[in-house]
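Structure incoming, see below.
Chain IDs A, B, C, D, E and F follow the sequence of writing; residue 1 opens each chain.
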Amino acid sequence: MATVRLLTDAELSPEARAVFDEIRAARKTDHVNDFWRALAHDPVSLRRTWESIRQVMAPGALDPLVKEMLYVAVSIANGCDYCIHTHTASARAKGMTEAQFLELVAVVGMASETNRMVGAFGVEVDEIYRQP
Amino acid sequence: MATVRLLTDAELSPEARAVFDEIRAARKTDHVNDFWRALAHDPVSLRRTWESIRQVMAPGALDPLVKEMLYVAVSIANGCDYCIHTHTASARAKGMTEAQFLELVAVVGMASETNRMVGAFGVEVDEIYRQP
Amino acid sequence: MATVRLLTDAELSPEARAVFDEIRAARKTDHVNDFWRALAHDPVSLRRTWESIRQVMAPGALDPLVKEMLYVAVSIANGCDYCIHTHTASARAKGMTEAQFLELVAVVGMASETNRMVGAFGVEVDEIYRQP
Amino acid sequence: MATVRLLTDAELSPEARAVFDEIRAARKTDHVNDFWRALAHDPVSLRRTWESIRQVMAPGALDPLVKEMLYVAVSIANGCDYCIHTHTASARAKGMTEAQFLELVAVVGMASETNRMVGAFGVEVDEIYRQP
Amino acid sequence: MATVRLLTDAELSPEARAVFDEIRAARKTDHVNDFWRALAHDPVSLRRTWESIRQVMAPGALDPLVKEMLYVAVSIANGCDYCIHTHTASARAKGMTEAQFLELVAVVGMASETNRMVGAFGVEVDEIYRQP
Amino acid sequence: MATVRLLTDAELSPEARAVFDEIRAARKTDHVNDFWRALAHDPVSLRRTWESIRQVMAPGALDPLVKEMLYVAVSIANGCDYCIHTHTASARAKGMTEAQFLELVAVVGMASETNRMVGAFGVEVDEIYRQP
């Protein structure tokens, strides 16, 4: 259940509609995720968020699949169920195999375990890892 | 400042020493991270954790550098300063470039932003992403 | 699905009933949120929690709407779906407009992004912000 | 480095001083933790927090050492370094052995690992664990 | 809704089936939690996770009920609804009373409150709690 | 200790220098926070982040001081020490009194407490708060 109503295409402002057109063109599908339908109440945030994601997730020094897997990993760590589902779907669409997804889950679990053990012991960063 | 004293090599139990020998051989360095010196008080946890990490981080469907970057991303999301520093160092040792690290940080930031916006709107997973 | 049964009015202990009476009087509605029906199993915690909230959320140096929006922001950051919904409803009842809610969401998202980027870089507090 | 100055005994308001007297009597030591010296700027919060902690941590259905260990576990999960150190010290003062602390750390780590794996798989609560 | 299909008994690999047999024997019930049915896609992770949990949760310096309550507390702090439900059920099966559960919740709530207040004030660990 | 070197003014690329000029003009001070000196390694992220913050934090339906306090509250919930210090300083510069800061801390603490209690009980959103 949402805290704001999800806007239908007919209810979009012209500014929001323009972003939806870009999303549909970029994603090559008519389906626009419900997150964007919630955010469409605020066309300025909608545009800023869409452009930031497009820029951050574009191919660069990291390939888009690795970026998508990093996105999934962070979403798991932050406990965002919606984000886990949508970005896992994106990663699969970009070629993530089931074996890769299962290894990703194992890494996220292991990191979460040692993150907390390190905190419990209150270990400070080893001298050799400090910047001069 | 730690909640437990960091053990020196001279203070290790034979079981802990055996794990330290494996760490040194695997990492090809005499330096053993202080996390292991804290955990060495509990040789059973030390062995289990070391063997789990070795298994999870081994080459498989994902290459070791991608795994290391996922580890860094999760550590950032969990706010573990020690883990960020040590695993960033490991990722660099495995070939992560500065441009790749900067892109990783951008993805982690972007995911954290949208994770929270999605939660604020209480959006439920789109029908098309649900398992049949 | 809850881990404890939600108590009906008929099942309340006298101590719990007294708190429910205060909640109904303060909130000017017969509806008592299900959180209180779960907590009513422990009348001592129920009273302590109710009195603490009443004290903390009372008008003071900050006006009650600002406090309610801070409550919503923290609930988003902590990922508590129930709390987001009930406190968003409270904030709207106290006058929060949709435009204000959308700006709040944007701030929470932006803060979550930079919180994690700062952690990734391990930046220490600038000298000028430190207490003498 | 703190965001507020830590108050010395000489700077306390009479209301804050009364709480400090109670803390010293209850803890049987002249040392008052710096957290209380920060919170002393707000004598109403100081009293409410101190009385809530005293009530919650008192012997009841759970013994005080178990409560203290739960406090440490939550502080590790929340990443509060100060709280980990002070409540680990309290737990040791109440009899926690080093072996118990090490097992506590192992449980916190394991729970953090499976918490995230469960989230990654998006598993819903099994029918048999749901309240009728 | 899950990101991976839950495997039925008929779909298990021999390696996964062997772990399920151990789970059924250890838990003395035919029901195997859905988490294991998700993880069964990755028999190596399944075995590692099951063996780690069994080792970590075994009786030792802490009794199994205390460990189970620590597990619940961490799951609450991490916001894992599935884990809260299944480990609360386990704790009840091991003898946790309703009064004990309610006190556990109060401690987790109180710790979460002070964890954040301490962070807000940026208080550093008191000199007397630091390791020499 | 940082994972990347903080750039001095002399080391900035022309693109990064242009952003620094804007920061100095907007903040009316020669001091540029060390976060920006870390992010300056990636001029594209630097510009995107700076422009997003400027847009999100500008006066709108919420006044800038309220936005800054929301930023502080989220930073406390996320445990970002750097962000707490810098945004508390900004909030004070915009007029936040000490009494307001202390009330903010009390609200953040209280929300964190009830967020976790609600999660522990697994309470679902009351029917009356659901969107039609």
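The rule is short, and it goes like this: a residue touches a chain if its C-beta (ideal position, glycine included) is under 8 Å from a C-beta of that chain, and two chains touch if they have at least 3 such contacts.
Note that the structure is predicted; figures quoted are calculated from it, not measured.
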item: Intersection of the contact lists for subunit D and subunit E; value: A, B, C, F
item: More contacts between chains, C-F or B-C; value: C-F
item: Classification of the subunit A:subunit E interface as same or different, half of numbers criterion; value: different
item: Longest centre-to-centre distance from subunit B, chain (CA-based); value: C
item: Distance from the mean Cα position of subunit B to that of subunit A, given in whole angstrom; value: 20
item: Subunit B and subunit F: spacing of chain centres that average the CA atoms, whole Å; value: 27
item: Euclidean distance of C-alpha centroids - subunit E vs subunit F, Å; value: 33
item: Of all residues in subunit D, the ones touching two or more other chains; value: 1-4, 49, 52, 56, 76-81, 84-85, 99, 102-106, 108-110, 112-117, 119-122, 125, 129-130
item: Subunit D to subunit A touching residues, read off their complex; value: 72, 76-77, 79, 81, 84-85, 104-106, 108-110, 112-117, 119-122
item: Subunit B to subunit E touching residues, read off their complex; value: 1-5, 44-45, 48, 52, 55-56, 125, 129-131
item: Complex interface listing, subunit B residues touching subunit D; value: 1, 3-4, 41-42, 45, 49, 78-80
item: Subunit A residues touching subunit E - in the complex, by the definition given at the top; value: 79, 84-85, 88, 98, 101-103, 105-106, 109
item: Partner subunit B, residues of subunit A touching it in the complex; value: 1-4, 6, 31, 33-35, 38-39, 49, 52-53, 56-57, 60-62, 66-67, 69-71, 73-78, 80-83, 85-87, 89, 97, 99-100, 102-104, 106-126, 128-130
